[in-house]
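In the part that follows, the structures are each spelled out as structure tokens.
Two complexes, one shared chain (chain A), two partners (chain B, chain C).
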Partner chain A sequence: MTARVAVLVFPGTNSEEETRDLLLDCGADARIVHWSEAASLAYYDAFVLPGGFAYEDRIRAGAIAAHDAMLDVVIEAAQAGKLVMGICNGAQILLEAGLVPGSGEIRRPTAAFTHNAQGHFICERVLLRRTVAAERCAIAAALPEDALIPAWAAHGQGRLAASTAHLEDIERGGHVVFRYADARGATDAHLAPQGSALGAAALTNREGNVLAIMPHPERDAWNFNHLDRREGADVLAPSGGSVLFGSFVTALERW
Partner chain B sequence: MGERAFAVALKIPDNEAYTAMRALQRLGIAVAHVRRADVLVFNGDEGDETVRERIERDETLFNPNKHRLEQLASTHPREGEVWIEMLDAPRSAPMRRLVSWRLFGGADEPLGGDELDAACIRLLCNPAIERAIR
Partner chain C sequence: MRDLAVAELDDETLRARADALGLALRVDELRGIADRLGRAPSLVELYAFDAQWSEHCSYKSSRALLSQLPTKGADVVLGPAEDAGILHLGEHEGERYGIVIAHESHNHPSQVVPFEGAATGIGGIVRDVLCMGAEVVAVADPLRFGNVDPARPHQRAVARGVVDGIAAYGNAIGVPNLAGDCYFDPEFDDNVLVNVVALGLVKESQIIHSRVPKHGADFVLLLVGKATDASGFGGASFSSVALDAREAESNKGAVQVPDPFLKNVIMRASYRVFSMLREREIEVGFKDLGAGGIMGCSAELCSTGGFGAELDLDTVNVAVDHLLPEVIAVGETQERLLWALPEETVDEVERIYNEEFSLPQVAQNARAVRVGRATAAQRYRLRHRGELVMDVPIDFLTGTVRDTLPAQPPDPPRAERAHDLSCARMLDDLLHATLAHRDVCSRAPLYRHYDAVVRGRTVIPRGEADAGVLAPIRGSRLAFALSVDGNPRIGRIDPQRAAEHAVYESVRNVVAVGAEPIGLTDCLNYGSPRDARQFGELVAGVDGLARSARALGLAFVSGNVSLYNAASDGHAIPASPIVACLGRLTDVSQCVTLALKEVGSRLYLVGETQRALGGSVLAALLSLHDEGVPGIDFERVLAEHRFLLAAARAGLLRSAHDISDGGLLVTLAEMSFGCYPAHRAPIGIELDGIAGWSNVGRYESLFGEWGGIVVEVAERDVDRFEELAGALESVREIGTTIPQPILAFDEEAWDIDDLHRSWSRPLEELYP
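Up next, the complex of A and B:
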């Protein structure tokens, strides 16, 4: 049976359609679910929290959404082992909810994706490389070894920050699934365009079923996103960052 | 002149304060009213009026169409109030910028310490990046 994926929409979410479309292209049965429909979420096998500005980033990015009724369902599902992926603002929500890195209590965050070091919004194409073993994170497990994932870092608050002790836990616990990389695949903290600690672009939880990724792979996911780097004749064909969504759907089929 | 604190608050409806109130109520905290403001703490030799004029002239801090400016009696939070400051904000800067949250109960009384603590821990402050000043 095709896996059912809910793409969650809070007031202020703005990337739900491309997220849903890419999931559909990768073979999932993906549907957009609005905040007023939280009761319907039990029907779904997995959840994706897309980018945007949920609740206008009131208090902090992701803080209000982390306490939304939809997150009650997502937290319960994540604790039951279902797959959850948050992109950009979705990633911020997962950290505010305490699901990632998951070293504290639920809804007691121990880390955050916060204000960029340069103090303003950035929008630039980046490359990501998985820096953990394939089996560490189910969502990224089906990626080709050493694959470079193109994505767009489009955020004002994408810098991982935490106390020294928590950053050590994040590093030691293998929570950094993706780091910013150069074209040769080298990773180094200085490649993080916003000064993210550990050069981190994406974190997972202890169990590896939740992924919080700051850059947008879905914005570099079809040939029409990069006509100058076309990888096939069909402008509508998935490419580039779609491999991560493909890996997500593969994980769902195995789940 | 030492430290002086000014509050820049909305005089139009504050949707963010309302959202915070609803979220806190959902968490079981008995709050009936929330007021939010940017708190600007100045440290220097300029007179109060000079500082006030500087704030009023800075469009990134103050818009006369939607803000009111008030000099605070103290550089510390009042009863029922918490100030949130980013951990990486320089403490010795000539101007520190914080966010004030004032929480009130049903009789418009400032919220007590335990409930204010709960509000900070559960929503208003992410200790990974912020500190709460009481």
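Up next, the complex of A and C:
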């Protein structure tokens, strides 16, 4: 039986449809589940938290949603080893829930994606490169080695921040799955457009079944919205950033 | 009941009493109301007429003019009659799809409270599109700011606050910002322009109209959204008077408070209601609450359907107790819409908003609530605390009011110079100064505040081509292109040609991405209609729009008029007709971006150089004051556009970019700069000697703003391209792409990186 993926919608979420569509196009059985349907979440095998402004980013992006009843189910699932991916606001929620990097207690975050260095929302193309071994994070395991993943940074709070000690733990524990890269694949902290610590674009937990990724691979994910549209390619077919979703679906099949 | 004894007061006292009440109605209008009602009008009635008869709602001085605009065409599904127009996009899986398009201004609110004013501009236009039964898929923002030099903190704060407001609202509701333009001019110091365009996707069989349907007697009026408060009281009248600096502070109460978080949920809940109504095949009415609040919306929703209305103001969900009935009735609290529904659907719609999407938990006392009914009786009635506080003939309230005003035609346009310009300034210096000019330089520091790609359907975001392109339907190759244009440097010297150029530029930009233009909208931003000279500019502008749209075979399907754009000294803004053009791509894979694609391509100019430099950046830099504005040969333009679209469909255009602010050298440089967002090394250009492609002088050819489009054609496609051009004379080869990262011309060889530095940085200090 195909694994069932729930794409969660909190009040204020805004990227649920394209996230669901790309999961479908990559072969997953994905459905949008709305906050009033939280009771149905128990029937799902994996969870994707899409982008947006859940609960209006009150207090800090993701802080309120981390206490939503839907997160009770997600936390339990993550602890049971199910796959959980948060994109942008979804990533912020996973950090606020304490699932990633997972060094503290639940709902006691040890790191956060917080206000950009420039103090405002930015929307620009970025390239990401995986900087951990394939087996470190199940969701990113099936990516081609050295692949450069195109994505869009589109956030006001995408700068990883934590105490020096926690940042050292994050680095040493191999939690930084993706970093911002240049066209040659070089990674350097200054390539993070919002000043993210460690040049980090995505973090995983200790077990590698949860991925919190700030930029949006699903916005450069079909030939029609891919920067390098190739002549002759099917314009409606997945490309670009869809490789990460493809890897997620591969991990689901293995799981 | 509180009323105003109009008949008992002399003109002077009546004016003073009306002023004290904050009513903009004229004395003759006040007397007309009292005469028609045969009694002293209540205060609620006066505020209702004040809103309904304001310029903002009634278009009283512009309506006759606007009837000149062409509004019909093969692609027009719905012309300018409701909250938004609709153009036919195409068919997919047997369904006809339309694009809903609305165009508005939020100029005065944005001047007074920039963040909230600009944000509510987005909020309002999104509701205009939503209420047609459409999914909102894109917004765009044409902006005109004042002089933002470092020593002008107020103008800078306004320019920043507006961008922050647009970003905060649009990003949160999750609608991509697809297009826009921006100019800076000291004549906007006291009155910025913040126009906004929104687009929606709708199946043509499922359009919801802003009227109670034919069989709708006794339909329930269901108010949805934010709890009504005291914000936005007097908004319609406020936008219909000139701004006075001393009054700016007291006007702040007339500006509404935005809540994009609530709007996000209302939009999604409304989509759910749409699908429920479609399943049951029920015809309903749906309308946005804008100017005139609950009163304006319910009166128009019912009277357009041929009905009267009766509402009980005590049933309205309010944020604070003890609101005066006129505030509940005409206040412009944001994030509200009104349904006209048959009784049997009301419970289900209420359940969707209030329970499934939990509006009351999303914002304090937000909800869907029954407030009244459509009535067969042709009266508009409001009750409050058991008392009838308004009872007027509905056609009197919503009917046409017209002012006939004198207009003085603008000065005749200046003639073109007989000789080529001679100029002492070095070409190198001029090119860098042009690239760094605020009207030319990169807008990325500004638009990167906006989410351009949410929803994942943006094909070409801002900055990568002349128009934004979006493919709105999953599984379909259909796409649309959008461009918004209007050049205030031309508006200042030639109001009629400013309108023609606004149409030409928006259409040209859509053609440059390979899309077929299918329709237009306009926002007419002008000074006071009570000043004959300023009104004359509006008359000339509408004439220019009508003439150019007819020449290009296009219709205006929606629009807005924003008058009284002037500083307190009466000095009007430059005539600012702003035009949006929507284009259609039947196959999104045929769209064209501006970035040069390969070395060894030929570059062609499609267009004719002209000597006139009026309205150009060069004229501004050299302080040339007596220049005429380039004319437009629409017959030739139409032929050029047909040719370019055929070439795009045949896959012959590797890249394309129009010639506008700054002229040809800027166009070429920007085509080279296209490599940067794509993380590629620059491709250079060698421009041929002018004699081979232009009949006018060096400066006019390189910096003139006479329109036209530059296209890149790969060496292998040259024969097919030239064959397709056939006898079209205005297609000339002007250069080639080269591997060296330089722009080479004559003795000059500019380094692309150097040029890019001049162009990319000027706005970074304003938008860090």
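Some observations on this one:
Just so it is clear, the second predicted complex is superposed on the first by the 250 of 255 C-alpha atoms of A that agree within 3 Å, B and C clash if a C-alpha of one lies under 4 Å from a C-alpha of the other, contacts with A are read in each partner's own complex, and residues count from 1 in each chain.
Criterion: a contact is a pair of C-beta atoms (placed from the backbone, for glycine too) under 8 Å apart; a residue touches a chain by one contact, two chains touch by 3 or more.
Since this is a predicted model, take the numbers as computed values, not measurements.
Note on chain A: of its two partners chain C and chain B, the one contacting more of its residues is C. In the overlay built on the shared chain, the residue A:109 is in contact with chain B alone; chain C does not reach it.
Of the two partner chains, chain B is the only one that A:163 touches; chain C does not reach it.
In the superposed model, A:96 makes contact with chain B only, not with chain C. Residue contacts after overlaying the shared chain place A:176 against neither chain B nor chain C. Look at A:33: by the touch rule set out above, it reaches neither chain B nor chain C. Using the contact criterion defined above for the overlaid structures, shared-chain residue A:56 touches chain B and also reaches chain C. Shared-chain residue A:48: touches no atom of chain B or chain C.
Applying the stated contact rule after C-alpha superposition, one finds that A:224 touches chain C and leaves chain B untouched.
Residue contacts after overlaying the shared chain place A:67 against chain B, while chain C stays out of touching range. 55-56 are the residues of chain A that lie in the contact sets of both chain B and chain C, per the superposition on chain A. Residues of chain A touching chain B in their complex: 55-56, 58-60, 63-64, 67, 96, 107-112, 114-115, 161-163, 166. Residue ranges on chain C touching chain A, taken from their complex, read 164, 167-168, 171-174, 260-261, 264-265, 268, 355-358, 361-362, 447-459, 471, 474-475, 477, 479, 587-589, 651, 677-680, 768. Put simply, chain A touches chain C in their complex at residues 9, 11-15, 17-19, 21-22, 34-36, 51-53, 55-56, 118, 120-125, 127, 152, 154, 156, 182-183, 216, 218-225, 227-229, 231, 235-236. Of all the residues in chain B, the ones that touch chain A in their complex are 15-16, 19-20, 23, 26-27, 86-88, 121-124, 126-130.
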